[in-house]
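Quick one: the structure is below, questions incoming.
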Amino acid sequence: MELLGFQLPTYGWSTILGSAISGVFLGAIYALVALGLTLIYGVLHIINFAHGALLMLAMYAVYFLWHLGGVDPYLAMLIVVPGGFVFGYCLQRGVIGKTSHGRDEIILLVTLGVAIVIENAALFLFSADERNVQVPYDLDGIDLGVTYVVWTDLAALAGSLLITLALWLFMVRTDTGKAIRAVAKERQGARLVGINVDHIFAISFGIGTACVAAAASLLAPTYAVYPQFGYLFVLIAFTVVVLGGMGSFVGALVGGFVIGITEQLGRLYLGESLGLITISAIFILILLFRPTGLFGQKA
Amino acid sequence: MSERARLMGWALLATVLVLLPFGVTSGRWIDFVELTLFVAVMGQAWNILGGYGGQYSFGHALFFGTAAYIQALLQFRYGISPWVAMWFAAAGSIAVGAFVGYLSFRYGLRGSYFALITLAFAEAFHVLARSLISVTEGGRGVQLALNQDPERAIATFQFTFAGEFLQAYGYYYTILIILLLAYAATWWMERSRFGASLMAVRENEDAAEALGINAFRVKIGAICLSAAIMSMTGVYYVQKFLFVDPGIAYGPSKSVEALFAPIIGGLGTVLGPLLGAFFIHGVGEFAKEAIGAVWEERPGVDLILFGVILILVLGFLPRGLVGLLDTAWRRLTGGRGGHA
Amino acid sequence: MLEVIGLSKTFGGLKAVQDASLKVDRGEIVSLIGPNGAGKTTLFAMISGFLKPDSGSVRYGGRDLVGMKPHEICLIGVVRTFQVVQPFANLSVRENIAVGAHARIRSRADALGRAAEIGRRLGMGKMLDQPAGALTVAGRKRLELARALATGPDLLLLDEVMAGLTPTEVSEVVNLVRGIQEAGTTILLIEHVMQAVMSLSDRTYVLNQGRMIAEGTPKSITSTPEVIEAYLGHGAAARIAAQGGGGA
């Protein structure tokens, strides 16, 4: 095969399929991380730069629960998800909301500041060492012929689907969800009908953080954590969110799969390192030509 | 303050910085000031686009890294003189700036979207620098040969083995000269039609257009000037450390370092980035000392403080430290201060 | 001087402007009136290059302005102001006006000098060093006018520069506009303040629901049935005629 004059390697279908399947699982992980981000964007219209740092922090929480208390990472969800909610709520109410004056660029910079503080606090407290949770079942899985799938990846896939569903149900069925949608759509109007907008902002930020905490539980068996861990995901999560359409859960899910599969195929054809260029390339093209994303509404 | 008083203030400050090595003999102090000046130049580069132009870049490493790579590779591969290479380095960074600016501004990206796309470009260059091994040496980085011949210190733009004075202060004066040029350029810009147009575009693009300003061209001009200044920090870095790799060049740290100083010091002011750089690095050094004295030395302390200061300034000092000084000056003189 | 021929613009399904034409001769003050939402500002935006019309042309000095950028249109002498004032809030009044002056003047010092001169001419001499963000509504409207004037326009498009002003302020601005015209600038203005329209305009166009429904001297316009209906509702003209009443 040839692309723009470059000779690309030729692979059999099973290799390509195997790559695509592992792309789906990778995509599920990206979607998991992006779900919280897209919720925060959809409501607050802010780009939360601290999202990766919050993921990293939750990963440390899962790690220490396992390391110090012997808590299984999946079970840790019962603790880190509510913990994430409270942390996110306080962060929005106490820091971001108080300092950003409601201006987009300022919020972006404030969340960058928050990310820097969290990352370096982790560096200061936990050092730069990589730490990983070891579970006895981390290599168990199922052989699909074209590729081998470990249960932990399958759990992440199931998790991403369930969280998408849960978020959607929450937004459609509950009063809080409806209030969140009202605020997202018409901030001033929501305020006029008596919705406490600051509270709803903080709730949304809390839920977004809770999502990322859930993602951390699902990622912990596979990924080692270190202070810059979040940065690895920040750009990818933004890409997924922008691709899917900011604020769209289904978009985040689909966007995650698209990015995951593209990345794996990119690595297959362009090599482990250069393959990653596909992510930045998609991001740049989407920002330029379709900033509302695949599923986003026109601004 | 009158224009004259301000100019005198700058002349005084420049004199102090030029004479500093004659008064301060502690190498540690000189190192501290040198690092601060380096950050202050990056800050001014960011300030031209972000502070005066209102376009917040999250990828200024693009211009630092591109210049650093060109500076290093031209010497490494072709043995080109560093004094020649630096012009190519600047041209390369400006070209990248024009390219990124052209795409972003043509397609109307503003605010957060501009921040995201600059970040994405920096990451794309990061990946390319790591992957195109035949060009960039990949993740290993480019290591320049150390010149050990004092006679050739100037020719090689390396001061590690130079005469006593150059060895101690060569790099200090290198960054100082860059700083003075960059700040003079900003001073000039602030008082030019271009600067007025840039600030008008920052404040309100539609109104600026209605008054005859080609907002697209002005923004391209700003990103090119910004890239040109940033490129000099890349040249300085390579000549000092004789090394560059993808993480140093295009990693997030340079992009972030570039925006701290101007925001904390005061956006859209000539003095802001310098003031901000001295403030945060002063606080950072002090905190490291303090923590190191009572506890063990650990990384991260200074950046935690930078982050906290950034958030506090964004929240409560919208005009930064310069704004604070301006208010204080007004109180002191009882008159009006004007923008510093 | 300016000739707008058959301009149309549709937003979604809404026909904002349909086949609107108008003409302004050198030295005139022409006004454009019409109820809210009639499409006046949309028409201005198309003349000044901020919106691209779906069809029609804008002739000015032998060229078609359609397709030109706002800054290009400004530089050939057609400048608009904004109904919702758009000051450069963090710049001083002097610096604001100087941005306009720079359209023709390269030197910073000269532009600032010109800005002060225009500021004083428009009665803003005392406010020159205030930040524009600190001005009152009246001050901002005046600044909008001053900035546009500083570009040295041949044709000024003024979009409701008197809205929200007190009667005293209105008559001051009326005098300013009169002065600008006497100094050689042609003016097309959108206005709701009828006192101003009546006293300033040589001719008036009436736009309603995107269509140009009447044209003439301000006096004749106010007795045109279509105009009365447009403002007062269907059947109003007949009722007024039955009562034997005249115009406004």
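Going by the order they are written in, the chains are A, B and C; count residues from 1 in each one.
To be clear about the criterion, a contact is a pair of C-beta atoms (placed from the backbone, for glycine too) under 8 Å apart; a residue touches a chain by one contact, two chains touch by 3 or more.
Just so you know, these numbers come straight off a predicted model, no measurement behind them.
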From the centre of subunit B, which other chain's Cα mean sits the farthest off? C
Looking across all chain pairs, point out the one with the most C-beta pairs in contact. A-B
Rounded to the nearest whole Å, what is the centre-to-centre distance of subunit B and subunit C, using the mean of the C-alpha atoms as each centre? 45
CA centre of subunit A versus CA centre of subunit C: separation in Å? 50
Go ahead and note the Å separation of the Cα centroids belonging to subunit A and subunit B. 32
Residue numbers of subunit A touching subunit B in their complex, please. 46-47, 95, 98-101, 104-106, 108-110, 112-117, 119-124, 127-128, 227, 231, 235, 238-239, 242, 270-271, 273-274, 276-277, 279-281, 283-284, 287-289, 291
Residues of subunit C touching subunit B in the complex: 48, 50, 69-71, 74-75, 79-82, 86-91, 95, 98-100, 102-103, 105-108, 111, 129, 147-148, 150-151
How about subunit B: which of its residues touch subunit A in the complex? 56, 58, 103-104, 107, 109, 111-113, 115-117, 119-121, 123-124, 127-128, 130-132, 138-139, 252, 256, 259, 263, 298-301, 303-304, 306-308, 310-312, 314-316, 318
What does subunit B use to touch subunit C in their complex? 191-193, 196-197, 199-200, 203-204, 206-215, 268, 336, 338
